[in-house]
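By letter and in written order, the chains are A, B and C; residue numbering begins at 1 in each of them.
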């Protein structure tokens, strides 16, 4: 890869992209309502959120298509808030790909390069490099309508990368692909990102996809930042019910915090009427109403010998998922609890009683 | 596109349409309230400089009184609406199955079939009407064939009557019915028809219960595209109609070019516009602005 | 799809096409009729074509009509293309409904109304500002632009609505300045619609009898006006020949246009 890419590959500490309290409303309806973010150089960063969370608006402000109502964006130390899209060191891969229908694959990739004062041979060289990078050399002269979905996606990627931008924005890059291709392409994107070292910002609504590729994820909700962190931190230590639920199935138990002991919280579950202890990570002295979140796969069947954290119910349904069974048990008060049992472990029959337990570290106390 | 370019892109066509479409209609309205005179131009000015320097406003409703006093005008309106309505209905009867057949034909053939519907529209309207004159005349091709086959003894009166006018309108305006209906049908989800069949609905019933309601927009647009211009048609009744074929477009022409009564022609125009206002507004609502956000 | 279900509409389709084309076909055939009696076959001849081409009044009128059509189509494209853009791309600007309504109304407005109202405007203008002091080619061009421009706007709007709005943003994102985006993306993609709009306007203008009859003045007789006055007096073999020549010319233009669009289509779809 060229020298420019090699340079960006050198990862520096500190923030490369700085988003400071930006907001944007459309005819009075706020789409982004005050978001601050710092993204590091060379990161593969995901903006994750449901539709209407403001992630696309945030992306369009980064690309320069929308001017924020307030706040500022800087990239590599330069304020770009008011800079038009054609001057920004940022390129966007559109969700629809937006390939120019009247140009070949080559022509599409060369388009951005032609806007700079590059020599013909330099353009040809860079186009060839990009075609090779996305394995489209054989299709260079095809028109977009003659390509398959995956080929279009790769062309769009090559076109956006051709100018070696400081930041590549990807709007739902995998959404238009079928399931099998999606997984392959996800791995390819990660590999290309690692190879070029360009900062990627991916917008997606798919939590699994985000967790599978991102170094860090920002979860947006209602135009605000809900939580930011590495995939495992968000998955294991969510700070709200919304984040816990958005990233995957979770059991939420309403509880009351009774008190604090050194290193742990004592709480009572409304559903079980028993006292439980979970590690006190937040170190807060808060008491009162809260929720205990436990992922289904952290629940295990325990046979009689009861540790502290356990509950008993009746198995109501079990769905075979290949490597595991997804099971639902019903507690005596009627509440459903999900747990995942590895296929190697035999599961009881429907209607039989099951005891579940979980390690203390599996429970997270949430206040919102 | 910058704000200034955008403003210009809207302002230029807007100004043109205001000047050459809206303003003329306002002038028609003004002149319809004027007196007919023998001068040139043959109408009395509506505003006149009074002796005291002020402007005197002298509206006259004599043109409208003329329209009301002579039943000829009433029958002309009635004739126009009747002929336009019947012709629109016949167009629909022919056009709907045609559009349906095109929409259900093989995709690679569809474009050719659509082109064949559009082609006559691109050729001269006057010539197409003229072609029917050659066919329908007492000494025309149809009568010659019928007589030489011995089917009739003397020429059938095919031309210079209401029948010929209907025929000419249906012939001339058929593409305007077929194309919008086809456009609506082309976007239709045909699995709905299969679903209806699967639920036990017979083809003809499916056509009326499922297909027709779903292309309602196309049917309405097509009907308005035929009805409104047909109601104001002049050339067809003039060339194919008989002396007793009363249509308002033709009366207006006569009033203007033969009788040179401009206020009467203007009043007729205003009356015509009022009658056609509802269908025109209906068309505006659905016509151009298909992209309404 | 069973044969029974398609059979009935398909027969109707065949009859529909026969209805559309039979009169035109007969007109063409009889244009090669030797006989002065238009509807009685008297042997093959091309003499009427020669007479049409030698008829100065017809040739002059044809030239006038062609010039008017070319001029009004060009102006209609210049005004209608931005209007189509405004409808397709500018979102909800204030006055959009009125704007769209103004562009839709002329499509269905009866010709006699358009013609009469424009004439009264021209007469009124002449009275008050002294222009146009003589009606003719200029007034016909203005009138034709007014009723053909909406067609251009619609064709352009439909084309723009048909492709991805992100295309222009993608070009901006790749470093193209607004003018370069217009030149390298927007115009090439809209070109087929602009060409189609021009052809449509040209045909509508060339074909118009009623509006031109109102707004013309002494000395400016268009081809449809000439044909109309001749046809009113009865059939004429010269008109058959002239009609055939016009049909052939229009068909040739359409074939060329369709071919160009077909090429564009493979380029752009």
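Here is the rule we go by: a residue touches a chain if its C-beta (ideal position, glycine included) is under 8 Å from a C-beta of that chain, and two chains touch if they have at least 3 such contacts.
Owing to the predicted nature of the structure, the values given are computational and were not obtained by experimental measurement.
When each chain is reduced to the average of its Cα atoms, B sits farthest from subunit A. Put simply, the chain nearest the middle, going by average C-alpha positions, is C.
Chain geometry summary: the mean Cα position of subunit B and that of subunit C are 17 Å apart.
Between the CA-based centres of subunit A and subunit C the separation comes to 55 Å, rounded to the whole angstrom. Centre-to-centre, using mean CA coordinates, subunit A is 58 Å away from subunit B. Across the assembly, subunit A contributes no residue in contact with two or more other chains. By the touch criterion stated above, subunit A contacts subunit C in their complex at residues 63-65, 84-87, 90-92, 94, 96, 98-102, 111-112, 115-116, 143, 145, 159-160, 163.
Those residues of subunit C whose C-beta lies close enough to touch subunit B in the complex are 1, 4-6, 8-10, 12-13, 16-17, 19-21, 23-24, 26-27, 30, 37-40, 79-80, 82-83, 85-93, 95-97, 99-114, 116-118, 120-121, 123-124, 127, 142-143, 145-146, 149-150, 153-154, 157-158, 161, 178, 182, 203, 206-207, 209-210, 213-214, 224, 227-228, 231-232, 235, 239-240, 243, 246-247, 250-251, 254, 258.
Against subunit A, the residues of subunit C that register as touching in their complex are 163-164, 166-167, 169-177, 180, 184-185, 188-189, 266-269. Those residues of subunit B that touch subunit C in the shared complex are 1-2, 6, 8-10, 12-14, 16-18, 20-25, 27-28, 31, 41, 94-95, 97-98, 100-102, 104-105, 113, 115-117, 119-120, 122-128, 130-135, 137, 139-141, 144, 171, 174-175, 178, 203, 224-225, 228-229, 231-235, 238-239, 249, 252-253, 256-257, 262, 265-266, 269, 272-273, 276, 279-280, 283-284, 287-293.
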